[in-house]
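Each chain gets a letter, A, B, C, D, E, F and G, in the order it is written, and its residues are counted from 1.
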């Protein structure tokens, strides 16, 4: 059976180019970056093509090695897959573009390896997303994880320890997942998701299936940093180099969330996690706590990047909450939030990257007057921040809206309240920063006449012995702006996205 | 597959695992861990998983023990527990 | 053919041109306006004109009948005189306010529906308040403010009544009203302007505080529109009739007690309005005629009195009877005109007051209300007494310390004119009768019995005054009026608003602010609560404090696994 | 392991042994079809032979045989071979990694072509594993002693 | 009802967004051009909005649907009478405000003017979006845009006080917005639609208890913006903003938008029938009356001029809500008309306060003695507007007062009539002293040397707004048919045509 | 910590052991794992791939893609080690 | 008894896993933690291999020339394949972990977690 090669190209092109990058790095370093960009663009295009296929013809199957499903590995790309794959590849392309200057300045000799691991990380994440085989998923999970450990560890001072920490948790998570797969295998004999979903309904009462479910849930929860298993996240993402945290932070957790949705909806019968076992209930509670916990801890932070880490935990909480509502709107919210949060977080992390790239501060207390120095970056920051807060028409609002709808539909008033309260907490979080950046003159200008404060930037030659901060180079700035524009336009197009894609991604009987 | 042998091997494995954790010297710990891998490998061979056993022998008992020892030599043998 | 416009427009629109003129042209312009008004009045034809559609209502801006025409003529003519009198005033604002005031009262007079009536009514209130304020002194500012508040309250009552009427009857045309909540409220509204008894306090409070020229305008329009409105809607209302009687008496009694000249006259306004109200309340053709005639006369002599007192104040700067005296020689014209006015108001034969009072009294008698009749007669005695007092202590008693000259021509001229008019109408009542709303069916003013009766009264009262002059000599007492309670009420309420209420607000505000501040503080480090040290201070956030050994996380993972499995195994 | 084991016996034994070990490794790779073993195990054995070289001589000797660059190149090439074969199948109108399609360029029938394909990828795996093992070892071992 | 599809609403909306961007790009260096953008955008916007009036008066509805946001709800602009009313007002007053703020900002040599004008244009964008929103969701989007874009305006001074005022503003409004999200969610899950419909679309959905809670949530949510009494605290605090902002905040955009939203909820979401069926109108009316009276009383106690105006605003907003919650045709008409009437009058008042501040840096009522001498036009306009607020004819306030009173009787609730009258009295009580002190009291310790008006940029808008508030009192249908539109709204909401 | 660890570990162990109750017995030829997918590998391996070592045929052909991933993992680890430990440019 | 004989393999895997866990939780030394992690991983491999075992079957290499191949005669090869991959993943992780340990040691000169945390404070 010959089918369109796009599903596999999503993975294989970056995979091969990752190897080529290393070779290129041995020959001529300047080749690495274009190679990376080319491969990432190729996978974006393939994801687009796939999405198009899926939209026009329904689920796309691709048999690797030509073997029929339960025996060979199969790529099953439905709306959910295609959607998440596009998100992952597109965001990583943008981050990839922005990585150039940062990587080449911070890791001059190692850039080829960083790019290689970068591409491998993306490949791993994409592999997780497109596959239809539970074990294949594990393999790609590990590719992504190992690349992630390494990339995080090359960050600043505390990074290796944070990375080691992450590795311990990550391994536990992956192993739990593997155990879950093993438990499923022992009662069904199959590793194919579609096959499993056919076999599992008859086995729902088996203790093994229950244990498998528990293992899977905990394993994925670790990977997606769901409270209380998020412990690794703040350190890891704080100390990672900027482009890495911009890539890893938004995407890894989102892909984890995707896996959870996939397992809950496709592999197990959806009624399983809602009715048979109280998984939805647990997810709700954990999600609710994650939201509050993340927000409160984020409030306590002084370091902007670390704060983003905790915000990320809260965002994961949203997704879990949405899944936990166990109805169409809640799931729609969760899936939409994968996209939205990916965009927002990537943008925010990249903005931190841009600021630190220019020698700017990471402590929020020293953000004063940044808006004059990096007007466009800060404008993008405002947009993304508003999106996290959930101000329409930015995209963050829409996913929150679906989540609230989901909560209302399932009459979970407490969690609706949590959702609403969290957006207030987020508002405090981000408006605090906005205030600093926009309404307080910067440290070195406080003595200078207010009139000299030129809001459009450009001509500020204030005497200062510090690093002169101005707009980041275009390779960083443009992705930031694109993402900010994305945050806005995705918000407005969310209707299309939901009715065109996400609607089909959720089983019909919801 | 003889369950008596199986059981003995399992016991060995358990003992090695515990020992490698209890020893207060990392180098010995690494060596015992190599032994653990070795017993594991025999166990798998006994269970009929020859390929896995082969791999474990090459990797677990072999290369990774070497890595381990190298790493410990390059860092420290000291441990408090 | 020039179509007539509502006279109100001439004045209201005309008012806005005043600030752009200066000097002589302005004076000419000011005099031109009432003349235009006259021309306009003569062009008017009876009936309803200027019916315009405003929102969902048909407004009648020009409802011309004999009554309104009478009022129009009276208002414009007195207005002309008042303008003449105040021609020297330099401040544009005062002219503007006066013209607006005049215009709006004319508007009230000619409006044929309650909507436009109310419309002009309110403008009148505000414009008159400005006239009071223009004296620019603390007492007048406050009094003006009180005046405005009272009128807003009255306006509110009126509005309520009107709206109730509109809702219940569906029409807004001005028409006689019968009993009911709506009419009561409208009555209260009109009554406030007409200085009905407990609502009269604004009048003696504010009028004496207005500017010299301003008080003339004030005396002309506000109360008279009230009376006019009563005549339109409440003629033949017993309550109004007896209220009128009571007012007549009350005003006189309080007037007798006053020391301030203009305050004295102000109380007399109440009293005189009482006469008119009584006339209207009785509601026969004669009594209404009497009321309106009295209105016209009253306007004349009251204006004259205010002018006289105004020129006294203007020339001497003094306003209390205790400080005045002996001006007869120094200001002869003023003195004579004032005496004429006093006689008129007292209803001496030959003066116009005699005619209208006579009409009123005989209408009372005819309709069989002896009580009312006697109330009015008694008031009449009081009037005579009080004006004797006024004239005596202003012009004839001895006072050597006072320096004065005669008032300027533009002041004396209208005074003389009005004095002549008083005499004229007194002597030829037909002149008056020709403009009355109802055809004067065979009423003769100068019947012997009437003349004798009046003279008897005067004689008696005069002897009382001579005998007990000491008792009437002015004192600088504080005289308690209802006013006291209102002011106290206002003070208390205002004090409550600015005091305790605001304090509550501040307290609530400070709670909320401190709440927000605490939240802000807490939001800076919500975990500070957890790390609160023994001395209760929030510690700065320290991320290392929260970096637990990784074993804890693993423990959490395994515990979560345990929990999950436990729950699943149990629940399935 | 910068210090030298100046032990002639060990060095000699190793020098003799290492080629055999390497041949065995190649055998394991090639014979994975019909006996336990395959690219991975073979690769590890090959890698171990180099590690043995290092242990018996020193790391420079090893680097002389298999320099870092070359190791990296090998590791990348190995995976490229693997993925490339897959891609080749794709280019030959098959699915990815559908070795059966290789019969179009190989003079064999599809089933046989599968076997050949497997061999090809085993070689790739072996290369990568060997190179990576060596790389990791070199990196771990060439870490300088504690400074300051 | 005839529906016309047109891009005009979108055009009108985008004008200010584009203007905002142009302002940002033009920046500080070419100030004249920057302010030119503001002004031009205001003009263009106004004419676009006005051009829609004839069609709407004919009973047509102009629609412009963009993208579907989720099933049953799209980003939709739908210009009905009510929306057009608010849009006309907002765009009209934007012209005045933009002229004025040029004078104000330059007069004070303020910093960060680009940010100011940018946010200003954006706030108008939000306000117009609210006006044209065809459904609750679109409305909420622009509601939030408005909230956020006003925050920099409130905190414009960058002092501690200003920033904390801004914080408070945000805290209140975002909490309110959270409630709105909640109630919107409930509405959607009950009905599956959020499109406004004259007479409401919630009838027949959900239990009575739920609907009551829902209504409370809606009112509390939007009520924060409309500064309904227990939620009003932010408004006096937000007075630290520059005066054009306060004017914008109080007269044009923000609080009016809140009231507009409340009215939308009352008339187009719940609908009069449902509300009276649930006896909710009377409850809301009672709350509103409480606000009316209390805020009036509190205004009396304020010495800071702008704060007094702020309380007056609270008072008037509550009056509008009171009108709508009475659910009788005249009351609704009056309430809606009062949106415009109050808009013109209150903006005059704020402009005057700002002009005084620019010239003399005085902010307290007690310091204004005799200022009428030096700034006669400003203070005359102030007096006109203040009297208009109290409902004195011929100012526009009278028309609304009349209809509100009428409406309260139509609803059979005479109590509220007294509330309205009481509030008028209070209005006089707190504005009267300002008027007569400023005109007639002699200044203490300060010499006013003759005429000293602010720049023409400020005086002209002030005088124009004052003149308009008289004009709309005499000709309520002048130019833009405010009254006709208002009564059209009432009619359609009550289903009488 | 150690005590808690011990307790947690034994509790979890206990529940896991309890969870094994429904598993097919060790070495049961009738277990689903032996019946569902694997028979084809065993029966068709030689026929389809000409590889007698079923593990190899499954590893490299039926599930060859997993092995590609596995090799990539190895490669990743190698690159990771280089990136982490190797010092450049000194 | 039947139960024990039938399941003991799984139990041992659980024991190993718990030992690994205990090491990860209770041991402060990072190397010990790493060993614990490895034991944990091998226990999973043990589990998988156990699932593939089949009584009375032989290793999954088809005898040369065998005609009809019966599935019952050979051990299930799939878990072995999976575990080969898992072992590779394990060793890769292990390699990276060692690299990380060396980096950590380079920075802190200790591998005791509490000392590192104390150092950071």
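To be clear about the criterion, a contact is a pair of C-beta atoms (placed from the backbone, for glycine too) under 8 Å apart; a residue touches a chain by one contact, two chains touch by 3 or more.
None of these values were measured; they are calculated from a predicted model.
Centroid analysis (C-alpha atoms only) places C farthest from subunit B. Averaging the CA coordinates per chain and comparing them to the mean over all protein CA atoms picks out E as nearest. Set against the C-alpha centre of subunit D, every other chain centre is closer than that of C.
Centre-to-centre, using mean CA coordinates, subunit B is 11 Å away from subunit G. The centroid of the Cα atoms in subunit B and the matching centroid in subunit C are 109 Å apart. Work out the mean CA point of subunit C and of subunit D, and you get 111 Å between them. Centres computed as Cα averages put subunit C at a distance of 35 Å from subunit E.
Along subunit C, residues 520, 547, 549-552, 554-555, 558, 561, 565, 569 each make contact with two or more other chains. The set of subunit F residues touching two or more other chains comprises 1, 4-5, 8-9, 12, 16, 18-21, 23, 27, 31, 33-34, 37-38, 41, 52-53, 55-56, 59, 61, 63-82, 84-86. Of all residues in subunit E, those touching 2 or more other chains are 167, 171, listed in ascending order. Across the complex, subunit F meets subunit D through its residues 47-53, 55-57, 59-61, 64-65, 67-68, 70-72, 74-75, 77-79, 81-82, 84-86.
Listed in rising order, the residues of subunit F touching subunit C in the complex are 1, 4-5, 8-9, 11-12, 15-16, 18-19. Partner subunit C is touched in their complex by these residues of subunit A: 165, 168-169, 172-173, 176, 204-205, 207, 210-211, 213-215, 217-218, 221-222, 228-229, 231-232, 234-235, 276-279, 282, 296-297, 299-303, 306, 425, 428, 432. Against subunit A, the residues of subunit E that register as touching in their complex are 24, 27-29, 66-71, 73-75, 109, 111-112, 114-115, 140-141, 144-145, 147-148, 151-152, 155, 158, 162-163, 166-167, 170-171, 174-175, 178-179, 181-182, 184-186, 188-189. Interface of subunit D with subunit F (complex): residues 32-36, 38-40, 68, 72, 75-76, 78-79, 82-83, 86, 96-97, 99, 111-112, 114-115, 117-118, 121-122, 124-125, 128-129, 131-132, 135-136, 139-140, 143.
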